[in-house]
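Have a look at the structure that comes next, please.
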Amino acid sequence: MDYELSPREQAWREEVREFIGEHVDEALADETRQRGNEGRGPRAQLFLDALRDRGWWGLAWPEEYGGLGKTALEQWIFIDEIESAGAPMLPLTVTSVAPTIMRIGSQEQKRDWLPKIQAGEIEFALGYSEAEAGTDLASLKTRAELDGDEWVVNGAKMWNTMAHHATHNWLAVRTEPDARKHKGISMMIVPMDAPGVSVQPIWVWPGLRTNALFLDNVRVPRSYLIGERGMGFYYAAMALNFERLSIGSIGMARRHFRALVDEVRRRVVDGRPLREDPWVRERLARLQIEIDAAGMLGLETAWALDQGRVPAAESSMAKIYVSELSQRIADVGCEILGLNGQLHADEARALAGGRMQWLYRLSPMLAFGGGTNEVQRDIIGFMGFGLPRK
Amino acid sequence: MDYELSPREQAWREEVREFIGEHVDEALADETRQRGNEGRGPRAQLFLDALRDRGWWGLAWPEEYGGLGKTALEQWIFIDEIESAGAPMLPLTVTSVAPTIMRIGSQEQKRDWLPKIQAGEIEFALGYSEAEAGTDLASLKTRAELDGDEWVVNGAKMWNTMAHHATHNWLAVRTEPDARKHKGISMMIVPMDAPGVSVQPIWVWPGLRTNALFLDNVRVPRSYLIGERGMGFYYAAMALNFERLSIGSIGMARRHFRALVDEVRRRVVDGRPLREDPWVRERLARLQIEIDAAGMLGLETAWALDQGRVPAAESSMAKIYVSELSQRIADVGCEILGLNGQLHADEARALAGGRMQWLYRLSPMLAFGGGTNEVQRDIIGFMGFGLPRK
Amino acid sequence: MRPVPTPQQEELRAAVRDLCSREVTVERLLVWEGASDASELALLESIAALGWLGLGVPVAAGGSGACLSDVAILVSECARGLVPRSIIGAVRGATALGVIAPKSSVLASLATGDNRLAMAVDEEEARVASSFSTTVEVEGGVPRVRGAKAYVPDAALSELHLVVARDGQGPVLALTEAGGPGVTIRELRTFGGDRQAHVRYDGAPVVERIEGGPAAFGRLQEVRQALALAEMVGGMDAVLDATVAYVQEREQFGQKIALFQAVRHQIADMGIRVTAARHLAWQAITRIDRRALCGHELASALAYTGRAFRDVCVTGHHLHGGAGFVVENRLRFHSERAQSLAIRYACEAPALEEIAGALLD
Amino acid sequence: MRPVPTPQQEELRAAVRDLCSREVTVERLLVWEGASDASELALLESIAALGWLGLGVPVAAGGSGACLSDVAILVSECARGLVPRSIIGAVRGATALGVIAPKSSVLASLATGDNRLAMAVDEEEARVASSFSTTVEVEGGVPRVRGAKAYVPDAALSELHLVVARDGQGPVLALTEAGGPGVTIRELRTFGGDRQAHVRYDGAPVVERIEGGPAAFGRLQEVRQALALAEMVGGMDAVLDATVAYVQEREQFGQKIALFQAVRHQIADMGIRVTAARHLAWQAITRIDRRALCGHELASALAYTGRAFRDVCVTGHHLHGGAGFVVENRLRFHSERAQSLAIRYACEAPALEEIAGALLD
């Protein structure tokens, strides 16, 4: 048994930390929070450019595509440090779409799309969910039909978060209406400037914007269907695999918890340091234990990936844990900060940067989004413990 | 809205308390605990006789059967006070079998059985569950076939708790093998001294004895089938109705909690009163809140019964709450008492009478017994909120 | 024992529900989140016209003289229907003053809605009254308030402030005019979009001093907490109902999600929490009403209900998924109020300590 | 980073598992619950013969000189297989002494099983060492132990006691002979059926004094806690495995109960707890082994693992229903050990306070 980072991993962590130390400050973290999904601010752009210059966009890419081929554990270290610093994460275009194209695209498709991604010239919104197909992705109805050498796409997508800034959409569409529902889906690229594409904003509780995407007889070249026809559901699952490390990352929760602890250390209430309050001590200690526990689950996911396994159960465990824990941190945080905990983050007096009420509003999404926690628990049962499926 | 007892209810509570004050002492409570399911001790017998002399066996019986026809709320007060005092509860013969016979039995059957029950001459074990039919009672396999004027019973029952002391068994048996499984069951009385009846002890974790009951060509008169053929499943459900107030009663939990609180008030650890320990204060306060909440659910069940409703959802809520809370009381109790909390109840030095470790062992049964908490939650969904059944 | 509303209370409830279904639209909720507008004022006037602002104000002072429990029914139903907090606050203010100062000269104006009363209780660095630094002292023959109050709900919307201060002995309660000299109001942006403010009183003259000393302050707190319990219970009911409806409507994997046992069981657990909270809350409210609180029961009701409301909201959001997460869904308004009410009225730590004290000390 | 056992550790594990499957039958568990018998002694001898008692004892003292992590693997697997606690206690005693006093003269006899070492740490009214009243003082030229120790595991079965006492300064560790003068052992009935006793030392002569002062005591506690973590993790694994197997075998309502989503989700939650606990525990064990503990991580591992083990047992019982409740079912032995281990080694309150201290003070 061994839980220590190797010297190489330790050095990598130091390197990432050093980079963060140089490129991340409170102003960047504030900008990141304030912009929400409103596209990148100037500081974030600088930061991401710096990441690209360093070659870190290709952190997880195979070396043959100019990537660094970092191990999952090294990726996990990177994600953990970035999140914990409150810096902007690499875009999904880089971490999810690109590696999928690398694996499933034809030589031509790779030649067409990867250089533009690497150059930061194009950016994708991810179009999986629909109003009636959320957790149950295989039920999606947006369809594409071949008309000569073009696909004609019709339908609507929900939660198409980056649509109002993206240049392209990475779309799951039904191309084989007669096949079984899991077998009838393909992945397709749709340029956002194609005629018939329209975007409608949807504002959600934490103050973030997402979108509904409408596709009305949108025509795209035949070659924009990436990989094989009918394999889209499995490609989406593959893409999920690239996100396993992120969805169970404890970095963000740890950052908010640290902000809360810092505030408690400073604060005096009723003439007494807040940190002497037994209830506060007990609550914070419990959260710390949970954070420690969640961290181990993320670490295990990374380790399992490096063993060449698909850590379905492990990453589901981490996802459940982190999402439910975030809710508890927010609740405890609000109560510890008291009435101040209600202040909007833009109020200068808001303690802990107003993060606790923001996390309170954000956390439900962590639990129902990305595959509800019910589905995650089912996965743990099936994949982790061999329980029978229905 | 009104949560106060009426003067009549208040007077009844006083009357019960006075009775308990006169007839219950620590020696009785100790005897009750020590005997477990090993039949009644002399003190318990005296107590139950006193209850009978007072006419309280018929507390819940209709007046036409010599009962007091007390309201559900009055019964709830009685149960709460008895449990909270640690006195022996009325036998199920009196609280469950007798009222069922009163409702479903023929005039002859009532004449045959009720006077003997009233006189305390006979006592029933309840034979519902089987090894493969626990929560899923309707799957029971013990069968009875008519042979002339006699039923011939074959099969086996599990968790037949009082079998080694009872004079009779109140048995759910399959009499209509061709009917749908819920429609094929009847209720039957089997004398324990009938040839072919045998009992095998089963010891369970809290140190209690229960039994397996074996029936090998046991012959009983035709008239021992009580009520209508094929209605047994529904009669068992009716009997459950009479137990709704007991299964969600918070009395026992409150008694154990009080013992724990008393111990904390007395105890000094590391030279400091235990009650000053912030962790202890916080834990006990939380339990108190939960006890208060559970109490309200029991009260609502009683009130709903008095409105003429079958409070299926309400009593399921109370049952879930009390069973899960008992586990928490035990856990907190063991930890508060520390190493002493492991002492067997027979050790004189055992704090709180050794009850915390006993409750730790007993509590799982409260949650899976009497219809698992999963089934109770299903019931709440269906009956309480109109959710669809499968 | 009658753990349900009386027929009269049911009538009141139905009337409120009816009003809310007409007047409290999602469109308006989104507007009111930003600021008071004409429709909010119109709703206030409708409610005043129905006599509801003065429901708990003594008849002699121009109110209906209903008991606190009736007001709690009103407030609970308003909370369920998402009536703006500023209006619930007006009911709260009038009721509280009606209870602690039934002969106050300003009561009549509160009952009609001509004036509104904000309650300035909390301070930034103090959670208990003994730490309050706001004082009432006679200066130049006039009693004046000096100090800063924080997170005062509707301070800028209200004509009158009831300030909890100290006069060298226990807490005292003093009425001041919001628009009077020496009062500075700085509005705050809160996550729930209600209208709170920091208020400085720099020698603001006292219009009326409430007699009764610490006992009056204690009673004020009880009344505020009773109405907070009513708000929480009303909100919780709304969240549970909405969620029960949603799981029977939403389909995934080819079936209503209510058919998934894991979903059903979450509904069951919400139901347990809501039921227990409702009874604990109403037991406390009715006993506050008849001044018959025993021991720790208010603390118990507050801690349980505050926690339950927030938990029920979290589960409600979870089961609603994306549909409940858009800003237009009523669910999130309830979730905001849940957090806001719990922070102000139902903090866990002091409740636990009070209960522990009752058990152990 | 390699959060799984080494191949050598897997071999050890398999060997223990094999031994347990042969020797630890339910019939024997029921006997051992009452008292040590010949079969328990025989098992102790087998284990001694395999060199496992001396696994963590230095080679120079006749042991195998394995690291603490290897001993933890052994202990974890013994716990999983329900090896009697008295035998696990013998491993613990030998290992602990091996770590804190690698040159002790009695070590060789512990490695062979000729002697067993009981650790007399706790006192009835004291939870922290600074409150201990047991002393070591020189009387008539001989250091002697005076005081009472409570809940000493296997006190009567062991030839030697390692007593934690005070000498006017910090805690000191002294070896005494259980059968020597001035030692009175009163056995206790515990709910888990293990063999604890209250022991009075009335001037019992010290056979050997362990050098190292408070640091040695600190190290002793770490080793004891590390092995307790190993025991808890082993037990938890066994409970989870048994429950996973049972829900796939038991049928109700015409289907395997594993097909009920509510059952599956309870298994998933058990799995999460067990997985997180396993890693927290092993991280702490391996860091204790290499003397590289950071901050609060031992406290965190203890609090989490102790709670998780008990919770997993409760869920295990729940899903087993009646079948797991009969005294013959192994499940309840694990549940007893879960409570017993948590009470002794993984109390929540001090762990929380240690973590809070690390965060806040």
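General remarks:
For reference, chains read A, B, C and D in written order, and residue numbers begin at 1 within each chain.
One rule holds in what follows: a residue touches a chain if its C-beta (ideal position, glycine included) is under 8 Å from a C-beta of that chain, and two chains touch if they have at least 3 such contacts.
Quantities reported herein were computed from a predicted structural model and do not represent experimental measurements.
For chain pairs B-C and C-D, the one joined by more C-beta pairs in contact is B-C. Comparing the CA-atom centres of all chains against that of chain D, the greatest distance is found for C.
Inter-chain centre distance (chain B to chain C, centres taken as mean C-alpha positions): 42 Å.
Centre-to-centre spacing of chain C and chain D amounts to 53 Å, using the average Cα coordinate of each chain. In whole angstrom, the spacing between the mean C-alpha positions of chain B and chain D is 38. With touch defined as above, residues shared between interfaces to two or more other chains in chain A number as follows: 279, 281-282, 374, 377.
Those residues of chain D in touch with two or more other chains are numbered 260-262, 265, 352-353. Residues of chain D touching chain B in their complex: 122, 124-128, 130-131, 150-151, 188-192, 196, 251-254, 260, 262-263, 310, 314, 317-322, 324-327, 332, 335, 339-340, 342-344, 347-349, 352-353.
If you check the complex, the residues on chain B that touch chain A are 278-279, 281-282.
Those residues of chain B whose C-beta lies close enough to touch chain C in the complex are 1-6, 9, 73, 261, 264-265, 275, 281-282, 284-286, 288-289, 292-294, 296-297, 299-300, 303, 313-314, 316-317, 320-321, 374, 376-378, 380-381, 384-388, 390. Within the complex, the chain D residues that touch chain A are 1-6, 9, 69, 73, 244, 247-248, 256, 258-259, 261, 264-265, 267-269, 271-272, 275-277, 279-280, 282-283, 285-287, 292, 296-297, 300-301, 303-304, 351-353, 355-356, 359-361.
Put simply, chain C touches chain D in their complex at residues 260-262, 265.
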